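Look at the two complexes coming up: chain A is in both, with chain B in one and chain C in the other.
Presenting the complex of A and B:
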């Protein structure tokens, strides 16, 4: 079974989610739980760090699509960082870079939230 | 023994002729009596009689042994009877007296044995009952597959086996407790008691427990069920509690240790039997679903074109291999006019049944839009508008819509998040990826502005390859991707061959690559070849 790990930490006022391993239909619910928790806490500024993510399936992409609207409606966002090339290609093919902000470094992404106030 | 009966008979006859033959007569007589005693001790069968039968036996043996005893007494006395028979034949007299002794001793022993067995008769009965009930249940496990029937049998046997007045069975799934079958108690009453005992959730009854309550009184509507003592046994399979078996008594006497064990043993058997029945039920249900899926697969096959359009200058080949029974990939061709051929290759996110439903909707959308709109970009924008309304937030559809002019070989197409088109021209193969986001990802202004249409003038023998991500993302046992380069190379190496052969070559390499690894996504491959000179 492909492994997946998700970890949530706070960097200032921004929540950073570290995803690790394989994000697919089986593991996506774990990530959804984290997002649900963030919604309950009314924490809408999220950076997802893809540093250790090996694979993402369409079900994995669906998780971000499901929550991004709510985040943006509440003056937050979901931003992506540290993405490996093969994972980025999947996002790119679908046109995600037009809809989402991608950053090389987690710091940049977090900082971007700061700029917006 | 019978032989000695005969011997003493003849030895007595001999005395008639010669009184010196006295000693063998006595010897035979004594040996016969010893044998009679031995024979009479073989009464172990008494133990296996039921309590009722033992009582009968007791009475009969008393009467018979008394009768034999009296008869024997008359033989010893110098009564008329004795004299008559003795005069008639001394042998017969001896025989008769032996029979009488036999009867007296035998029935005497039976009487005492039965008497001694009486106190344990009930326990013995119960043991026998338990054994036979357990055997019944074991048979049931293998024979009864109907869950309801099995549950009812279990409660019926429970009352029998542990001498209780009522029994009922509840099943537990997650936190829900459901009454499954009852015996000698109303559903409402059983439900009430169950809720009283389990409802609080304080006690899990992980092992059997006897509850002694002065008055567990449930509703008295039906004369009232008043139990003095209730046994609760968990139905455990793989350490998981699937339900509880209840046995209840009106009477004062508590369930003893033995009965407690029996109920538990019985509950264990029942748990296995019920689990078995459940599994069988599930597998039947699974079979039914599989048949439904077969139907769905047939329907999906009809949604996809059964043949590809043919024309002089344009050769076409198409292939679809779903990862499961049904899939979310879709391709189609639309004859727009004599010269124009529209085509679509689409991939619904996810796979299996959910994506197959959306795929059918996608088919409807493209089928109708292709008749109205002849511009790939506009068509995809319209399709996005329609789909966005019905798609779940986390679903999306990638698609390529193109129109090929069969007269001049001009291909117009737009790509909505789909895997890029491959164009194999001579010895060069290139991936063409005009910008465009997937359908259902964003509403109109964003979607429309992202989308760029492209036009390609095809040259002679150019091959256009459209495919779903099931090909580049196919995995081998090391979880490595098949990738784009492998696909490029296969097409290049086989470019002189017919399109069907190229398609076969791709599938062959793909299955070689991902052997020992199940296909994890649908695979679609649509190829076009432009033959300028025809």
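Presenting the complex of A and C:
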């Protein structure tokens, strides 16, 4: 069984999602549930912290693609932080750096929302 | 260690459920390690096979859990070849367009990235239809790369 854990916490007005383990077609629905919860709460400023994510497939990437526009339409965004090189390489291969912001540290990503007011 | 002398074949038969993806990845990982691939190349092979099997579960079997996925690995003369066979619905790989992320973004489309990744990650990709209504994809990675 693929081990995957997702945790949601607030840092000021920003929601931080910690993803841990293996994000594939089997575990992606757990991440979708978190995003659905955020939409219900009308919480559109999201940072995803990848520090403990070991693996991602396109099923996982698809989750971010499915929600990012709604977040942006509501003056929010999905920003990424703490990504390991092997995981970043997959995002890079699919051209994500054109459309998403990546930060080394969660703090920088969270502050970026502050800069935008 | 002289990898050229290593020759082996392995196979794994699993049902078409997404919880088997972890089992498939472990199977590929141990075979790629045994063949002498670097961690980076092993990661690419694992992801390509995951994507191919995810496509089979989603599209060929449409999430029906009763389908079979047969994975055969052959390693010979630095060529690592994985054949993946299913007997679900057929599809024409030539009709799947290359994804354009900006277009995807506009349309909120979330599928179709798997095939593109497989092509990027492997040295050779070959889709075919076998007798008995089976679909087969063969993925190849060369050890020297």
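The definition used in the following text is that the second predicted complex is superposed on the first by the 117 of 117 C-alpha atoms of A that agree within 3 Å, B and C clash if a C-alpha of one lies under 4 Å from a C-alpha of the other, contacts with A are read in each partner's own complex, and residues count from 1 in each chain.
Here is the rule we use: a contact is a pair of C-beta atoms (placed from the backbone, for glycine too) under 8 Å apart; a residue touches a chain by one contact, two chains touch by 3 or more.
Since this is a predicted model, take the numbers as computed values, not measurements.
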Do chain B and chain C fit side by side on chain A after the overlay, or clash? clash
Between chain B and chain C, point out the one touching more chain A residues. C
Which partner does A:13 contact after superposing on A: first (chain B), second (chain C), both, neither? neither
Look at A:26 in the shared chain and tell me whether it touches chain B only, chain C only, both, or neither; answer first, second, both or neither. second
Would you sort A:86 into first (chain B), second (chain C), both or neither based on which partner it touches? both
Set of chain A residues, in rising order, touched by both chain B and chain C: 2, 25, 55, 58-59, 61-63, 65-66, 69, 86, 93-96, 98-99
Over in the complex, which chain A residues touch chain B? Could you list them? 2, 25, 54-55, 58-59, 61-63, 65-66, 69, 86, 93-96, 98-99
Which part of chain B faces chain A closely enough to touch in the complex? 349-350, 393-396, 398, 416-420, 433, 435-438, 441-442, 446, 450, 469, 479, 481
Partner chain A, residues of chain C touching it in the complex: 18-19, 21-22, 25, 40, 43, 46-47, 50-51, 54, 57-58, 99, 101-102, 104-105, 108-111, 113-114, 116-117, 120-121
For the complex, give me every residue of chain A touching chain C. 1-2, 22, 24-26, 55, 57-59, 61-63, 65-66, 68-69, 86, 90, 93-96, 98-99
